[in-house]
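Shared between the two complexes below is chain A, which pairs with chain B and chain C, respectively.
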Partner chain A sequence: MRRREFYGLVGPSVAVMVGLLVVPLYLTVKWSFQEVDYGSPGQFVGLDNYAQAFTDPRFGRALVFTAGLTVVVTAVLLGAGYVLAAAVNRLGRMRPVVLGILLISYVIPNVVGATMFSWLFDQNFGGVVNLAFSWLTGEEVLWYVETWPNRIMVALNVIWSMLPFATLILLAGLQGVPRDVLEAAQLDGAGPIRTHWSIIVPSIRGVIGFVGLISIMDILRVFDNLVPLSPQAVQLGNESVMLYIFNIAFRDGGQDLGLGSALSVLTIVVILVMLYPFLRDVVREARQA
Partner chain B sequence: MRAPARRPLARTGLGPIGTVLLTLVCLLMLLPVIWTVLSVTKPTSVAFVNPPVLTYSPTLEVFADLWQSTYFYRYLLNTFVVAVVSTLVALVLGIPAAYALSRFPGWVSIALLLLALVFRSLPRFAIVLPMYDISRSLGIYDTRFVLAMALVAINQPFTIWLLRNFFAAIPRELDEAAMLDGCRRHQILTRIMVPLLGPGILTAAIFVFFFAFQEYLTAVVLTNTEAGTVPVFVATQLGQTLPMLQQAGAAAVLLTLPVMLFAFVAQRYLVAGLSSGSVRG
Partner chain C sequence: MFVRNASWKWAVGLTAAMTVVSGCGAGSRVAEGGGGEQVSCEVEVPEGDTTVNVLAYNSSAIDPFTNTMVSSCTQDGLTVKHDPIDFAGQVQRTQATLAGDTGTFDIVETYGFVIPTYAAEGKLMPLDDLFAKYEEQYDLDGLNQQMLDTMSYEGTLYALPMQAQVFTMAYREDIFEDLGLEAPTTFAELREAAETIQQAGVMEHPVALPWLASSDIVTAYDAALGSLGTDFVDHEARRANFDTPVAAQAFEELESLLPYMDPQVTTFDQPAVQQQMYNGDAAISIMFSGRMTDLTDPDNSQYADRIGFAAPPAVEEGGKQYSALSVDGWSIPANTEVDPDLLFQLMAVSVGQEASEAAVPAAYPAREGVVTSENSPYADAANDAISNAPATEPYPYTSLISNEITPMVAGVLTGNTEPQEATRRMQDAAERILQDTR
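Moving on, here comes the complex of A and B:
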């Protein structure tokens, strides 16, 4: 392909991305060094916003909450997703039905799914999960006003919405494991658990890593789910980083747009660091091709 | 693909315990939807009482209510217009770009693909809050246009990656043969590649459509009452009165049922898109 043809073909797409992604990103970086409000030019304040971010206890709490949620949910997603994928992989005729059911929570908008999820737990509305729980344990849990129950409910919802994705990617990985490898394992007398742990898991670790990476990046950006599930997130200390940025930089007129922008920039740095190994792999593959 | 003849190896089927557990998981995944369907077919007076009423005469009153006393139809229309327009524009921009990226060997391609990967992972607010500021000063805030364009841009990196992987699987010899027959580059793209890549393009279209139609964060920032979408509608109904809550449930069901049906019908494409390993916006 000639250079001129290449630029002609990628030109429109790149122009849109420059205009609508690069320019806004540039503004965010600029605002992060400013005391600024929507619609008016900002005033340069150097690193003040960053200094404020690092000393703000509310940001600290949001960071700890988000990181904790990310670690726990990613671990559950990988474990449960793998088991579920292995189970689906053994299905015959029922497979499309099970896959169809599993896809449902993936295709429902997050905020809508979380709304439906919230009704299962709401003690005022006779939520069925809440009833079952208090019947089983004899305890009345306040899912919306106690910090830890609320955290558990949010985590369960994020798992509910992301499990299909993890399962389907892992399933694709399982289908790629060569049959002769499995046959050899069986001949050597490896049981099912041994086969999974010592043979299949290591041979699809690339896929597992990919699922882990995407999950981590998605949960770090969690926002939609908290809107219906944690109306009192700020008081409970269950504010995610994204929700915190939204609250200070948009809601109520966005009085802290500068600080919010600085927090966005810090998040980008974290994401870039985590993406680095993945980006390196892409370059290596592209060089070889 | 699975070859049925080779099945006998690892005993297929799950055994009784596995079957029970898998059924349980499926039920749990469906539970929020089932519970909501129950809540919205109850009369409003008992829809959200504690303990829940399980025997009632089903009614669809709340759906009529949703249609008559709220602007739900407007939000629904916005959702579909924005999703369709942003999908079409994303493909028109993305298909040529993805084709070029799969064929042009230089470092520019690698750099563009890397940048696309980075932009795909950015936190939304870094993009959307400046868009809010710009759209207000341009006077296009709270229009379907600005929301559709924002979604085209936000999903463009994903669109390019997914399509580029599909194009990369088509051998270059095909291009060369067409060139020898006197085809120009754009003719190769429109006459050979696009028809050949039909299912791949459909997969990309389905995903971009879903991303647009699921998006809450971008819509809540860039729209208000005129161009809001269904997720925004559902969120604003919360924490208000009980009838409004039930309306939100009805809206959720109206949105969810077609999508569930679609997940069954278009399963092949969804699984193909997910498996190609580059999914998620």
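Moving on, here comes the complex of A and C:
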């Protein structure tokens, strides 16, 4: 390939990446050292925004909540996604139908899905789950104003919306496992659980890692789900980092874009730390390949 | 054969399971149409194609004015555009569009609370000259003077008023009649009425108020404080009032209503309170008047014909009502590139006599004499409420203080913070803002 062709083909992608990734990232880092209001040039304030972020207990609570949600939901997605994928993999002609139904919750916009999901728990709008829970336990759960019930509801919603993606990718991985390997395991007397644990899971480790990677990135950025599901997120300590940044930068007291940018930079660092094990595996596999 | 049967069993099981987890909850009713009269829109359209982008949140009270402007004034060479948006979205977009040298919107919906802030920052266009120029052509002298004053800052007009919103009380007349109750005029009477309804076993939580912790709750606190005769700030001394005993008393009065409300009331915005009334879960609610007509719509509720209206009660006997008066209007951003004359004419058409009459009863238009007890079920209540609402605080720092103290007010009413601690922090925050805006 000639150099001109190479640049011609790569150029548009590079331009888009610079425009949509590098420039915003540069501005975010720059603003994180400034006091910035809409439409006004920023004023350099050194590390003040970072100092404010680290001394705000609300940021700490948001970090803990987001990290906890990420760990729990990712674990559930990998476990339930695998079980569901294995089940779907056994289907015959009905597989496309089931896959289609599975994808409903994935293609619905988050905020719409979360609003519908919130109605399941809201007595004002029928509250099917609420009614069923009260009927079964004889107790009324305050899903919106009690910390742990609210966390469970939020986690269930994130799982509901992301499980189809995990299932779909893991299903693709399962379909790539060589049939002769499975037959050999069967001949050696391996039962279903042993086959999954010792044969299938190791052979789709890369796919599992990919699902984990994407899930972690998505859950760390949870934002719109919380708007309908946790209207009292700040008071409950159920504010995600992204919601916290939004509230600081755009809502509480107006417009603190400098502090919001500093929080965004810190969030990028947290995401990289949480992704490190998965990134390391991906790099290792790429090298081996 | 076995495989096929097994597949079917798996398929049925998975389908059933996923249908359940996909969610099948009940939905909310939303207003259909949104009103808006086709009126004559004779405006001077500049040469060439002009597009006017309008920013206004959707509600049954605002929609008629927006829709009139959009549907009546779009003509050859002129396109008037409006995209649906909620109130929170409008607030953010207003901030963004007014920020730079150029903006996205050419007409923005504003309200008395934010006009001083934006006007002081020079982000809105003064309208006095345009008002004088077009007063006769569009009968602008028919606009209520009190509302024009609310749209002004330091004697200059910055918005053309379209309609007023004031706290209005809606209650279930049938329940009140059965129990021999009168519409409460004080918080003491409100508690008494709620207690009677509870004890009669009619409802567990008879009172519903919009106390959403992230926004509405500060309006509720402001209303209680205003009813007790105190503003956020002593404007002459330029000193915050949160360290006065009345600031704590306002919290006590609001907390006294908690036993009569749903335990999740701090997650209720106005639509949620409406839903409580639609469902028959609450017998008394206090919301902005723009929400009242929905309560009388039989499509929304089986109790629509049993709703009565009254002015909201005062916190203490003899005080101002627990209320907030907000006037909505149209403003022209200072950074628009569209001809201001054209924009002003569009706004004037939207608040014209015909359009205002068509907006009743969904709205309480700014034109004198348009709302009467014959054409609006809550007219008397709203008129009473407008006359007895606490005065607004038209200062640039009011909205900043309000935003800043919202989480602190929410902290008290959600039981996470002691009132003394909250009022101390509110005082500090307000003093800091007063210092910064000096």
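Simple rule for what comes next: the second predicted complex is superposed on the first by the 265 of 289 C-alpha atoms of A that agree within 3 Å, B and C clash if a C-alpha of one lies under 4 Å from a C-alpha of the other, contacts with A are read in each partner's own complex, and residues count from 1 in each chain.
Here is the rule we go by: contacts are C-beta pairs under 8 Å (C-beta built on N, C-alpha and C of every residue); 3 or more make two chains touch, one makes a residue touch a chain.
In this text, all values refer to a predicted model and were calculated from it rather than measured experimentally.
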item	value
First (chain B), second (chain C), both or neither touched by A:Tyr50	neither
Chain B versus chain C as contact partner of A:Tyr38, first or second or both or neither	both
Partner chain(s) touched by A:Leu142 [first = chain B, second = chain C, both, neither]	second
Touched partner set for A:Val98, first chain B, second chain C, both or neither	both
Touched partner set for A:Val128, first chain B, second chain C, both or neither	both
Which of chain B and chain C A:Gln235 touches, first, second, both or neither	second
Greater residue coverage of chain A in the superposed arrangement, chain B or chain C	B
Interface residues of chain A shared between complexes with chain B and chain C	38-39, 84, 87-88, 90-92, 98, 101-102, 104-105, 113, 116-117, 119-120, 122-128, 160, 231, 250, 254
Residue ranges of chain B touching chain A (in the complex, touch as defined)	2, 6, 9-14, 18, 21-22, 25-26, 29-33, 35-36, 39, 48-53, 93-94, 96-97, 99-101, 103-104, 106, 108-110, 112-114, 116-119, 121-134, 136-137, 149-150, 152-154, 156-157, 160, 168, 185, 189, 210, 213-217, 221, 230-231, 234-235, 238-239, 245, 248-249, 252, 255-256, 259-260, 262-264, 267, 270-271, 274-275, 277, 279-280
Residue numbers on chain A that touch chain C, as the complex places them	37-40, 84, 87-88, 90-95, 97-98, 101-102, 104-105, 113, 116-120, 122-128, 142, 144-145, 160, 231-232, 234-235, 250-255
Residue ranges of chain C touching chain A (in the complex, touch as defined)	3-4, 6-8, 10-11, 14-15, 18-19, 21-28, 92, 95-96, 98-101, 212-214, 263-264, 266-267, 269, 272, 275-276, 279, 281, 400, 403-404, 406-407, 410-411, 414, 416
For the chain A and chain B complex, residues of the former touching the latter	1-3, 5-6, 9-10, 12-14, 16-17, 19-21, 23-25, 27-28, 31, 38-39, 84, 87-88, 90-92, 96, 98-113, 115-117, 119-120, 122-129, 131, 160, 163-165, 168-169, 171-172, 175, 179, 182-183, 186, 192, 207, 210, 214, 217-218, 221, 223-224, 227-228, 231, 242, 245-246, 249-250, 254, 257, 260-261, 264-265, 267-268, 271-272, 275, 278-279, 282-283, 286-287, 289
